[in-house]
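Next, two complexes with subunit A in common: one pairs it with subunit B, the other with subunit C.
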Partner chain A sequence: MKFLLTLYLFATFFVGLGSAQERPYFVTYSSDMEEPGNLEVSVKTLQASPKFANSFVSQTLELEYGATAWWTSEVYLSGQGTSSDSTIFTGYRWENRFRPLFREHFINPVLYIEYENLSADRSLLEIVGNDSIADLRIPNGVARRDIERELELKLILGSDFRGWNVSENFIAEKNLIEPEPWEFGYALGVSRPLQLAAGRKDCVFCRENFSVGAELYGGLGTLDSFGLKATSHYAGPAVAFNIPRGPTISFSPNFGLNDNSVGVIYRFNISYEFQQIFRRHSR
Partner chain B sequence: MIRFMALLQNLPVVRLSPCFLLIFTLSCGAGDAPPFPSEAESTPAEDSIGERLFLDTRFAQYFAAHMTGVNAPLAVGDPVVATVPTPNGPLPGPFAGQSINCRSCHFVTEFQGVSGAGNRTYSDFTTRSPIPLVMNGFTETPRNSMHMVGSLQPHPGPTFLHSDGEFSSPADLVAATLTGRNFGWAPDQYQQALAHFAAIIRGDDGSSQLAKDRTNGLSYSTLFLGKDSSITSDLLIPAADRIDVQSASNEQILALVSKCIATYMGDLLFQQDEFGRYIGSPYDVFLRINHLPVQPNAGESIAQYNQRLYKIVVGLSNPKFVDGTMGNFRYHAQPFQFGPTELAGLKIFLKAAAVAQDGSQHAGNCASCHPAPDFSDFSFHNTGISQDEYDAVHGAGAFANLAIPSLAERNQNYDLYLPVTANHPNASERFRRAATAANPEYADLGLWNVYLNPDIPKPQASLKSIVCGAGKDCSVDNGLPNTIAQFKTSVLRDLEDSQPYFHNGSTLTFGDVVRFYIRSSQLARMGLLRNPPSEFKGMSLSDSDIDALVAFLKSLTEDYDDA
Partner chain C sequence: MPRREPANSSSSALRFAAFTAVFLSCALLAFAAADGAWLRNVPARDHEKTNPYHDQQDAVEAGHRVFEDHCAPCHGNDAQGTSAKRPSLRSQRIQNDATEGDLHWLIFNGNLRKGMPSWAKLGDAQIWQVITYLKSLKISVDAKESSSTTRTDN
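So, the complex of A and B:
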């Protein structure tokens, strides 16, 4: 536990020192893979004040490594702090993404598989099944009793056309220790840099360093009750600022689309990509 | 694969799929609230064994006096269990031909579907339960059998059991009951009771139908030893608890049995999901479908939660109501509903009058003692029911003039005032009795009998924290006068299935209950209620509130069936 906390704090500090090129998505995965040998470190922060519940902040440390051109592996470490409640480590995720087609196509599929071990998690990295605002009202002490060991599969479809990126995720999640049905969800994202070609001047606040977009995501019920009934959904704009030779900073307010959703979720991300980190040392 | 993808990308439906998904999603409607998850949790072995012990009819004095063998049925059963008294007359007893057991006063599904009876939340049907032998002048228990379901619901503050807080742990209650008056054992027969009890446990061979149904036909000695390979995992008690009953002392056996039954009692809870959110009643459904908070937030007190809930329900502009499409009752004739009348009742239930001068404010202040979500504060209050009973027999104002001794006088004259215990087997128990015309010194003072009672030491520290808690005046006799006629607050969930109500079973309907509170709070306002509760200052009810409050209390009903 102490090791994880140390690693987390170290990475949180380190992340402010580097550079990366990112799309402004928080929930949606694009078909982009991590460059082989590169390690991207991100800290995702989420803040929300659900109706009739204590406000909370969730933080997730993300370590993304490009193993090969067709395989990217990631580890997430998550924690959250709820006002008038407690600050806790909520667990980890380990995900792998595989890109079956090397060449670019109009639609580029990526297969995603993740194992997660979480309790009282509030990172909202995906919305599946009948996830709702009521889940966020459960005190940490009670919620921690329910440990979720889940398998998550995603079909990621990404398209790039004239600078626009459109990404679609279909999510299927299965609890491995409880007799619960498969849960489903979706995430859609669209984004575009403000300017496609770089300017002549080397500048920080140039339009080409900014990407804007929007995301839409939510639950699709379970295998027993597939559909939109009793599900929650969110949508919101997103912006990413790719600082030249520095980190990428992203921000997105997500708005709940129905009564099952939290009114507004604020998401903030800072990420940095280390180039060829392991290969450099191995030479 | 590449060709397939190329083909796919030319399909218009694929190009338009994001648009379809967008439209699909934006039509997601108002967001009907999802049901809370309900998951079956594993049950500790003590629970299954505890249930068998709870039902075992061999621990009573009658069995000891009439048995021909530990595992042989009785030739003639105890008359006390031959029938079960109900307000509509006696019904055949489910344990007829046997002797008394715990279930004899705490039924569940034994009378399911029986006209004039029905499911119970571990209570019986009568005002006071008949006991096997006349003892200390008692032919029945001093109080109404309190429903057990929900009584051990985890909650802030100490746990008390029995209407007067005589026990602070379920294991203590079980041990005292199995060896006490309710099982036919006199106060000075503790050692005999204990020896008989241990003999039953040691001699049991698991041949009874009960043993076959509950513990796979295994004997108590096998189960408690925990070594037999035929013991399934659900019946294997933890290694630390195991004993060899053949060599263990009688006290050790009683302690383990008490622990098993206590574990079983702890699992008697109203329907709730894995996060402790209640799910069984129309009221619970109403909160859920309106996205209202169903339990306190972390850091929020129960009282704060109830105040917040009141503000929210008062501000509800367009509530969704519960009807038969959202649930149904299997064991109750009434509709599964929470409509405008129930909502009006909820508001009255939660509302506290600023300064109640009369009954015009539609404020029940009920939640100050029966706060949601458990609908009990698990503490003690004087509702005035003892005074009501006493004055009904001896005339208005009689209870106010009843001579009640000081702490010193009481404890110096134990036999004269306090309940029977092993140390005082001949005590009069005069203040733990029903009021009768023949004995004007008889009354039920509830907690007063237990608080600072030297023969009942275990709950004293916890009781002191309640009686002399913040804001309480304990300057006189360490607060003993404040305990006069105080009784433990009932859990209101599924109250319908535990009538008659109050510690003396004096009311049969919710309407009568509300009418009593109107009357008693009026007495308090007039200064005519002895030891009035401070909560009555916030109660301002009139007859116009009865229908709504009754509807709300009915909306707390659920189909409890021990499943």
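So, the complex of A and C:
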């Protein structure tokens, strides 16, 4: 956790050096790619108090780099602290997103591939298979023994229409160590800026700097037991505040939709975009 | 068996230089041709699109703000380009050859093979505002681009 705290302080030190134009999603990916040469640093925080379990806070540091205009690469470092238990580093993810089509269409696909090495992770960055509240009741000491090395694939579909963004993710995950079946999940998001046109003058609290939306996500079981039952589902509103030439701050309360879900989880994100980090202007 | 004559070193060097010159010329021509190829790919429907903010001073100022946030890191604060791959937006091609509809198509779709991302996420309104700002700029001979740039009086 100290490591994450240090990185968090490092990130906050650079406030004002860049700006991010973010959609208010926490789980859903849109078809937007990181601009080539830009590095976005995000700290995602999640807090939840599951029924019959200790409350916890999870933090994830996300480093997203635009390798090209059609390829974005990301690294996640995650940790969590559970009350009356322990605070631990839970592992890392490395993902790559590719745009196979080089022009905008009504529906824009993006292919996503990720390798993750996690144990006792509670970042809930995706829900797959039969993920449920029961997983969150396992003490950290026990959960840490189960190291998950997994391959995750996503098909991301995104559409922009009259300022509205609609994004759909279909997730497939496979444990590379244990002989477990493929697990599936989904995430859907809808969002829109409060104002589409930019104003003449700089202002912080203008409507154009706010985006609002909603997310719905959950598991779809496994290859052996595909379906919406015996897994968790969440939905909730989300808002993002893009501070001009500063960070983007996002917040979303997510509400569990069945008995397998946590009642409410609170998500908070702060991100900064460092533009053209490996190149300095000649002018 | 007849003995093979050793190659004349000066003629070999000449041939190599000629080959290199031809190769580089072809590469340069191909690059220059490809650099403006996007303009030929714009569908007629997009080419003829009109800018709802055309010549509006408010849109010039708003477009300037959007430009500074999203375009200037690559194209420079003065839009004169920072390298051949991040070219000037004050060029003959952008200022005179391309219609506002062409520029909307380019910004909306990007030119992903050349490193220009899609800016569809900005939405139509902000894209048109940026175009209004770009069209308010003057052509500059000081611009960095791979093709020739022409100076005009206005």
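We adopt the following convention: the second predicted complex is superposed on the first by the 262 of 283 C-alpha atoms of A that agree within 3 Å, B and C clash if a C-alpha of one lies under 4 Å from a C-alpha of the other, contacts with A are read in each partner's own complex, and residues count from 1 in each chain.
Throughout what follows, a contact is a pair of C-beta atoms (placed from the backbone, for glycine too) under 8 Å apart; a residue touches a chain by one contact, two chains touch by 3 or more.
All of these numbers come straight from a predicted model, not from anything done at the bench.
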Subunit A as common anchor, with subunit B and subunit C clashing or fitting: fit
Arrangement angle, subunit B at one end, subunit C at the other, subunit A at the vertex (C-alpha, nearest 10°): 150
First (subunit B), second (subunit C), both or neither touched by A:A134: first
Subunit B versus subunit C as contact partner of A:L228, first or second or both or neither: first
A:W70 touches, of subunit B and subunit C: first, second, both or neither? second
Partner chain in contact with A:G199 - subunit B first, subunit C second, else both or neither: second
Which superposed partner A:T87 touches (first subunit B, second subunit C, both, neither): neither
Of subunit C and subunit B, partner touching more subunit A residues: B
Overlay on chain A, subunit C to subunit B nearest C-alpha distance, Å: 13
Footprint overlap on subunit A, comparing subunit B with subunit C: 103
For the subunit B and subunit A complex, residues of the former touching the latter: 1-2, 5-6, 8-9, 14, 17-18, 21-22, 24-37, 39, 274-277, 288, 291-300, 308, 312
Residues of subunit C touching subunit A in the complex: 58, 61-63, 65-66, 69-70, 73-74, 76-78, 80, 82-83, 108-118, 120-126, 129, 144
Parts of subunit A lying in touch with subunit B, wherever the complex brings them together: 51-54, 82-86, 100-101, 103, 105-107, 109, 130, 132-134, 137-143, 145-146, 166, 168, 178-180, 186, 188, 190, 216, 218, 228-233, 257-261
Subunit C-touching residues of subunit A, taken from the complex the two chains share: 19, 21, 23, 30, 32-33, 35-38, 66, 68-70, 99, 102-104, 160, 162-163, 165, 193, 196-202, 244-245, 275-276, 279, 281-283
